[in-house]
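Heads up, the next two complexes both have chain A, just with different partners, chain B and then chain C.
What follows is the complex of A and B.
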């Protein structure tokens, strides 16, 4: 089954963290390269706008 | 008492920063209660129960940050509010100075060869962020809970189509290539590959294997919904296949929260297609459903699964059983200390899988048990996690109703400590059962957090002429940052009976209450 997941079990892990910063610390302590995103609710938390954004950015 | 509540409209703060701010505010003299949280329904309810005015609480939406303070004088409450404003400003300024990327897209420009995204944003935004990650060909560890099943299925189908891992939603733990994601323990590396829809179940297996010197290759958490019939094991099959193909994995261990019936049949069939030996602990599954396949062994509890793996690898697991037998004698003696009305066990769990496993063990001894996440036998005894206990009660305090807009009880012990005192004041409580998780992601000193409340609970009972027994199991390894031995010692110094496994802790609780070691029912 050659796929990205299969390769990931062999590759050096590099992470982007979106959310709780504690996880950044835990990963750094394990020697993992991590980038922390200063996340805020997209579309200012407006659910209708969020759905439009979803379609725009995550559409097929 | 004086109370004041301030709203910060549209201000988002992650849950760890909220906890840090509340801890600092609690240090101010004269302040008795502090709530720093997003105004979700759960938090609004907690605020109301804490005596804050509903009219004020109701003005807040879940995009608003609420800081609510109670104190002995108006002066101290005002001082607290001022300090809160100052801390909040400091936090916002500090984040601005760090010049962090504001989105996944910006982060990818800084780390173009990233291969994983760890997402722990509130549930309603989780699909948006996770789908963007998958479309960028990144594996996802989705810690967020409160994601709809429809969104979960869509995400998982997209992941499988792209050959990517999507662990979660509500994924508690994973260990990939020796790296711990979420809540996880520092364990020996080796050849047991774990797949599980059971965060603390995986952790329990990892630490018990580690205690026997058995290492793991990878541990993949699929999120607990994966084994529901609606999701039908999409990520379970994908992950089992991945580990079956992985050359460092020699044995597969599968652990699941109670699975759907159709999915159970499907997964069992799938086990038969794998070329490696499988040990499977499907909690709360009718054993008639389990078809025998040559490469598969089924167990009822996680510790049995670990002992089975030890047998396969020719390793002696006698130590675990031996220490249980020593504790059994102790538990029988504890029975004599209870007063006549003390009849019930109250389990306050941070780990959902461990709460299920405890119920499975207790169901061998008792006909009635109540829970906010009941197993099949007790499905008619579902209560809200916020309800008072009835009879034997097992509460999963890490369930969605508790963690919406709040930190997980493995990090924030506030609600668990409150409940511990409440249970201790019930004259019918005999035993309190606790799980204590160590490792990355968890509190830096969980036993230190719990022991003052345990002491208070025991004193409270004693003051009213009762003896309260606390039984705990510590989910940790010697290499965990908190130090397993130190944590166990702290608990023992408060008279806590520390069991070698979670299932054994539940068994000891039943034996202590009954004063008899034989199961009462089949």
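What follows is the complex of A and C.
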């Protein structure tokens, strides 16, 4: 029995892509509407730097 | 790796320190007050000293083009009578080398500066700071051939500096550089790689005083021709802007607990930064590749990595930080829309806005001020620098222009040092 996921993919979808730009290219080639969000992991994902930044927290 | 134990720190203290640093930079002024030999006005400068752009670096690791420029400066100064002799003396520490920034001095590209070179003296009377600039010349900035370029050094010493000195005197011993920069920014100059408008404004402001100095028609004609026909002359406002930005960023130095960048500078091997709350310590990463355009006969492979003290302009929040102000220079980033996006990214990594410097193409938005190392790392967004290209071997003048990125490694090292200092 098809699940909700299958039903969603049969409809026209719009995608929000966060980060890796190559996903955007392949989706657009298939005619899928994509909104690109420019995002990278804070401190490149470095745990030591993340701990430091947490202690030195920037304001909003 | 064992996890470091960090104490609790009130981030409010950092915010207050950063606000002080940024307000100091915004409130500071920049007046051209004199032009004199470096040995006469720079505290601590020595006769056997050649200073250079960028963070400190040992001779053996130095970029070839910077070595050529330093040797050119030594020859121009009469410290040696051949390049081979100059290099021997440098290796034996009989000619000393040190960063320009150690002396509150800045100079573009290789930035080689010697004792007798006439330096612009830029003062900020608000915070009582003084900065110095040795102007870009082909042999000391680009490592061009000594025989070809020594006449420019002699011209600066014998004609240009005396005329500029006389002009400054005629103008009450101070010329407001910050005001000239603000006008130029609103007329299509981003204040690092394009100064067409700023040069015109500068010449307009000084012309009456210059004509009143009493120098001969011939000498004054040579000075005007220098400004309008030579590389060094056309980029002259760049020297003034560098000095102004240096004196303004000096007001943000040594503020305890501040994470604001006070210096960015490159030596063609390393890109170094200094941070307000960490004093005069350098934090470095590899100097990046300059991408842009090259002049006919050159390719990107000929270019030296990013080099020069001119990144002090971006440190102050101008140059590539406000690149959208210059439609022509926006092409370095792909066009005006990309340049606007870049400026918006710079807003995200800075703490303040400067109401005196506005970007007409962004509805007169204010220039970003105060690069915060925390935000650079949190958002993974680094500053970019608009810059010229030097030939990696030396022996040429400018070979192109473009944009280079600051290395994230420098900011990582700085935040770790900040944590060790304050946490």
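Observations on the structure shown:
One rule holds for everything that comes next: the second predicted complex is superposed on the first by the 32 of 60 C-alpha atoms of A that agree within 3 Å, B and C clash if a C-alpha of one lies under 4 Å from a C-alpha of the other, contacts with A are read in each partner's own complex, and residues count from 1 in each chain.
By definition in this document, contacts are C-beta pairs under 8 Å (C-beta built on N, C-alpha and C of every residue); 3 or more make two chains touch, one makes a residue touch a chain.
Note that the structure is predicted; figures quoted are calculated from it, not measured.
In the superposed model, A:57 lies in contact with both chain B and chain C.
Using the contact criterion defined above for the overlaid structures, shared-chain residue A:13 touches chain B, although it does not reach chain C. In the superposition on chain A, A:21 contacts chain B only, with no contact to chain C. Shared-chain residue A:33: touches chain B; no touch with chain C. Looking at the superposition, the partner that touches the larger set of chain A residues, chain B or chain C, turns out to be B. The intersection of chain A residues touching chain B with those touching chain C, taken from the two complexes, comprises 40-42, 44, 53, 57-58.
Partner chain B is touched in their complex by these residues of chain A: 1-6, 8-23, 26-27, 29-30, 32-33, 35-42, 44-45, 47, 50, 53-54, 57-58. Contacts from chain A toward chain C in the complex involve residues 40-44, 46, 48-49, 51-53, 55-59. Within the complex formed with chain A, the residues of chain C that make contact are 1, 3-4, 6, 8-9, 11, 14-15, 259, 372, 374-375, 377-380, 408, 412, 415-416, 418-419, 423. The touching residues of chain B, when paired with chain A in their complex, are 10, 12, 14-17, 62-63, 95, 98, 100-104, 106-108, 110-111, 113-122, 124-125, 127-129, 131-133, 135, 137-139, 143-144, 162-165, 176-182, 218, 238, 241-242, 245-246, 248, 411, 440-441, 481.
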